[in-house]
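Across the two complexes that follow, chain A remains constant while its partner is chain B and subsequently chain C.
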Partner chain A sequence: MRVRIERRLAQPRWLPVGVPAGSVAFAFAAIAIVLVATGHDPLHTYGTLFRSAFTDDGALSATFVSATPLAFTGLAAAAAFRMNLFNIGGEGQLYFGVVGATGAALALGGGSPGSLSIAAMCLAGAAAGAAWAALPGVLRAFLRTNEIITSLMLNYVAAKVIDYLVFGSHSYWRDTTSPSADVFPQGQAIPDAALWPFATIEGAAGGIALPLGFGIACLAASALWGLYRRTRFGFEVQVIADSPRAARYAGMRTRRTILAVMCLSGAIAGLGGAAQAGNFDHLLDPRSLEQQSYGYSGIVVAALARYNPFAVVPIAFLLGGLKNAGFALQGADFPNGLVGVMQGLFLFSVLGGELLVRYRVRLERRGRGRVEAAQAEPA
Partner chain B sequence: MNSSIGVVVLASAVAYGTPLLYAALGELLAERSGVLNLGVEGMMLVGAVMGFWAVQRVGGPGAVGLLVAILIAALAGALVALVHAFLVITLRASQIVSGLALTIFAGAAGLSSYLGNDLDLADVPARHTFKPVDVLGLEDVPVLGPIVFAQTWLVYASWACVALVLLYLTRTRPGLNVRSVGESPQAADAMGINVIGYRYAHTLAGGAFAGVGGACFTLQITPQWTDGLTQGAGWIAIALVIFAFWRPELCLVGAYLFGAFEILPVNLQARGILTEIPSELFTSLPYVMTVVVLVLVSSGIAKRRLGAPAALGLPYMREER
Partner chain C sequence: MEDGTAVTDVAAAPQRAAAAHGVAIACRGITKRFPGVVANDCVDFEAAVGEVHALLGENGAGKSTLSNIFTGLYHPDEGELELYGRPVVFQSPRDALDAGICMVHQHFRLVEPFTVAENVVLGDHRGVGRSFLVHPRAIERRVAELGRRYGLAVDPRARIWQLSVGEQQRVEILKALYREARILILDEPTAVLTPQEAADLFVTLRAMAAEGRTVIFISHKLHEVKAVADRVTVLRGGRSIATVSAGESTPRSLAALMVGRDVDVARRRQRASGVGEPLLEVEGACATGDRGLPALVDVTLAVRAGEILGVAGVAGNGQRELAEALTGMRPLTAGSVAVGGRRLRNGDPLDAIRAGVGHVPEDRLHTAVAPSLSIASNVVLKSYRGSHVTRGPLLLLRRIHDAAAQVIRHYDVKAPSPATPARQLSGGNLQKVVLGREFSGEPRVLVAASPTRGLDVGAIETVHRYLREAAERGVAILLISEDLDEVLALADRVAVMYEGHVVGEVDPGSATVEEIGLLMAGGQAA
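Let's turn to the complex of A and B:
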């Protein structure tokens, strides 16, 4: 007997559902082993996790708070990864989105109508995110510099920039008027008129507050799907992803497309920053942004969604629940660092499951398989 | 003379460059066999926390504790790398996504933080640390003394590792085999070289080196455990391999260059030089310089991808030649 791994010619129908489900089950089993090995009760942990993510009073509202930025950073990563352009800079692009959006809201002041402020915040956030993403984009497109490392390094730089804006200087973004501001440096709050609204769903579990940002994320997902599936630009992205050489021979402007996709990805992450500022933070809060690391989790979201924009939104919701529970439960019930371990294991099992989508594993007796394989080989 | 700022900066650049050097050497070994591992940051952090755990828990004289700690750190790094190796070599997953997954799994908000918390290691100083040793009695030699002869055993060992890796890759049969596996696994396989075995071995060795690199932080530089204490050193190490054109001797130069970027601001500020420049500008220097160096390398000579193993990042499938 030997194990053979061979490429599938046709996918059975159960596969697209069965593999992700199996992967998630495997991940939970693996995490249970980690928990048991370190002296925790996995059933208890999973129970509290599920309750504080989805069923407790106010849990769903809190989950939407984490899910909104995750949906944006997930879309941002999906937009770029789809073209094999590995933009790891969603984190920094989100920071710049917050900077742009709070800047716009502060500049417009309390006098402008809410809808104008919100539109301006979206535009400014997206523009700032796109500009920050354009840096690694230009380097990748024109100098062929590895975008993985440059976009990642720029995350650290972006963190220093927002630290400087609030802690290191008396910038526009820093609160310089309130009495406590000199002792504890903090961001300048945006005017009330620029706060983003919530839609409230009455009833279940003490009402659910649905943030405007989450709605915009759903719109952005549809727009991204349309762009990639229904336009010439999206077609070119697909061709460049599958075969850069074919794209060049066909006369596609590869470098311009790389830069455009990088900026698009940055703009979506920046829009997420605008939503974060408008719906939740209401000011530039470097410590909280750096601690949440929505940009990195967005990569997990995108990979689990297999870069499909419509799948990004529900997966962002699930991982948002995990993140929210992780923050709510930190301590004995839910050890530090477990969120990262779980995210990593989800990714590993999905990556491993990918093998089953593309290949099939067969046990067979020596000698016989070779003939069959030769017959199955297309001429 | 030996306390002039240039000498002090260079001496501490060597100390701060050492974790980068170990991690870059490890990544170089893995990449030379054709496996790109972007999980260096995660492997370093797990090595750092497990090394620290060992030094706190192992009794006996300090030297024994430190030696055990280094071995445990290497083992921990290799175990984390095993996950990546299994996924990308056996299951043929995307090396890039798997490496990112490894960083998230093991990184600052993952396994390393979980272990640090569960083993209760935060905010206590290390029981034993690596201290500078003046082996040859040459510490007082002007300039070179403090830079070269007053370092710790971790630093001296890293020089030995550079020499060993260099000799291994260029002067031994297995080294030649590794390079052929990285350049053309098909040809290597046809020659009877065990491609899968070589890739596993070098990915694990890469993890072990990264683990030791992480332990440099908890056993010498910091020396205590805090979440995410490597602060991107793993990523700088990956950039370093590109900067060094996949050659161990150039990793040495690059590591100390980046060590200097990290330590220069601290020294300048301690001496009251350039205090009007915001500290954020200084502390972002290593990251900005990584980008600058990568741009220089990718636009200049390396346009022909000098040194990069041809099969880097590609899975090897015997069935699909």
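Let's turn to the complex of A and C:
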């Protein structure tokens, strides 16, 4: 018997659904082995996991809190990756979104109506994220710099900038009024009028609080889908992604489109920053933002969704639940490291399963040599 | 000296084999299926020791699949392979190499930054190739010696990227000789050569055959097959149709076997009754190639409405750069291009499109179309900005679909639907989509670069018909092709390019292939 991995010539219809489902099943089986080996009951653990992610009182509300920023950063990554533009800078662009949104809310003050504040926060957050993404965008479009490196490095710069705004200076964003703030520097909270509302769904599991940000993420997903499928701009993105030479041949302004897509991606991440500030944090909190690393998780979300905007939202929801469940599982007899192992195995299986979408594994009896070319085309 | 003895051995081995068995390689009932197609359907083939055996067939006839089976790349689903009378089963390409079968591919398998000697020894797992320390001098001596013996002059220390295409091909053949190949398969080796270079190659092949090696020569050019082969096996639709003696067959009888019906070989085009005003005017155009070296030098051309100007030349003498410069894809460093009297913006493909310049690029799959996108998307690749398929920024997908369906119908494209990805189309059908798109844009000027390369006889006829019809409608056509027969059959005038210059212009009615060949080789320019 020998094992061969071959490129699939045709993709069966069930494949895009079957492979992820199989991967998840495989992940749970693999995790069960680890759990048994460390003396835990897998069924009990999975039960706790599921309850704390989705069915306990307040579990769904908490999952939405985790899922909202992931949905935005996932969409941001998907928007750029679809054009083979690897914007790893969602992290920094989200920070700038928070800076822009809290800045706008603080500038408008408590006197302005809520809807105006929210709109201003969205605009300012998106603009700030887009501006930060424009840096690697311009470098890539006009100087052909690798955007992976520049956007990644700018994340660290962005982290330093928000640290400076709150811890290193007496900026607009720093709380300079409350007495404790001199000892423990923190961000200036935005006025109550600028807080983003939650829609409450009564009923199951003690009511679910659905944040406005999550709704905006769903709208953004639809808008992105429409933009890429139905517009001239989206058509150009598709062609450039598939063959830059063909795009040039067709007279498309490739550099302009690269810059536009980078800015679009940054704007979505920045919008995520605005939602984070408006719905949950209510201030610029560098420590928390840097610890959560929503931007990097968003790349995983986008990859799992295969860059499909509609798939990004449910996957962000699932990963958000998994993240919360991880917190719930941790305890004296369940070390933090084991949670990490579980999450790692899960992502490894699901991303590894992607291989099977494009390739198939064939077992061959005897040693019959069979080397198929990557694209077996008779001619 | 060790090298010397090795060479005598190579020569001696096939001769001994020749005495023992007449047949070098034979296959019986070879069948190879790919999803959706049977590439080889019960193919029988036999090549003798000391023979040049041509494998003739249209594209898609199964020539490449069969040679991939001979070289161990594919494993046949059914059938047997025999080498010198003994049945063999190749587990991998390495087994085929060990058995003395080497292939010269159409696209060379060479490492550009390496020297000739390094490429020759690369992948060789006997002797020097295997040892940890490489002895470049010994390899270079050996390569030079082989080159002298077979008339394959090439400097063993030259780096591949410095060599012309013809020289690179010699390196590929040297590789096979160095590995002591007893059976050499060449896949369309003359596609990149001048007529003179091709003639030299034939001499080398004959010399190799005379030593008792077997040469399998894959081609779809009838006169070459006549010129070099002893016997010809014709494949059609995956089946072996016949094996005939080259001496007793005519190009016409071979063509009939190949396509299964009688065809007109190279019908001359009637000169268009009246040609109009000059539509495309190129003045002193200069441009650099991908390496930054001058690729176009002071090119001046004019094409009138209703006229086909043929551009002949060996591949890599500036034709691709000329096509790109005319269509705005490559900026000019000097000179100008004007369409209908208006000077085009330099290096702006969109301006060229707006001026009515259609372009059929050489690289069909990655320049002419976005391969993963649908036929529909590719049909509107240039016209997606137009008002007939858009409303504001939105695309009217229904109308795009209809436009594609119309191209499919009108140009007889064999495709399941407008939603089919372009890369799933065969070369001929893809080219029909490209031509359909370019003509639907109602161009005033059409720049067609190698529009029939890799197409089968039927598709070539169709493409030629479309080009003639376009010229009759008054389109000014610049036809760039390495296929001299094609240029002579279609063009009203022929310009010959050599090293970026237009070295001469000839009248296709009176010029001979030899005259043009001399220009292509730089004869006049020197």
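One rule holds for everything that comes next: the second predicted complex is superposed on the first by the 305 of 379 C-alpha atoms of A that agree within 3 Å, B and C clash if a C-alpha of one lies under 4 Å from a C-alpha of the other, contacts with A are read in each partner's own complex, and residues count from 1 in each chain.
The criterion applied here is as follows: contacts are C-beta pairs under 8 Å (C-beta built on N, C-alpha and C of every residue); 3 or more make two chains touch, one makes a residue touch a chain.
Here the structure is a predicted model, which means the values were calculated and not measured.
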Contacts of A:250 with chain B and chain C, given as first, second, both or neither: second
First (chain B), second (chain C), both or neither touched by A:230: second
First (chain B), second (chain C), both or neither touched by A:169: first
Larger contact residue set on chain A - chain B or chain C: B
First, second, both or neither for A:341, with chain B first and chain C second: first
First, second, both or neither for A:38, with chain B first and chain C second: first
Contacts of A:299 with chain B and chain C, given as first, second, both or neither: first
On chain A, positions contacted by chain B and by chain C: 373
Touching residues on chain C, where the partner in the complex is chain A: 32, 34-35, 37, 39-40, 59-60, 62-65, 68, 72-75, 89-93, 95, 238, 327-329, 348-353, 359, 361, 363, 366-373, 377, 380-382, 384-385, 390, 393-395, 397
Complex contact set, residues of chain B against chain A: 38, 83, 87, 91-94, 96-98, 100-102, 104-118, 227, 231-232, 235-236, 238-239, 242, 278-281, 283-284, 287-288, 290-291, 294-295, 298-299, 303, 317, 319-320
Residue ranges of chain A touching chain B (in the complex, touch as defined): 4-7, 34, 38, 81, 86, 88, 139, 143-146, 148-150, 152-154, 156-157, 160-161, 163-164, 168-169, 293, 296-297, 299-300, 303, 335-341, 343-345, 347-348, 351-352, 354-355, 359, 373
Of chain A, residues touching chain C in the complex: 9-10, 230-235, 238-239, 242-243, 245-253, 367-373, 376-379
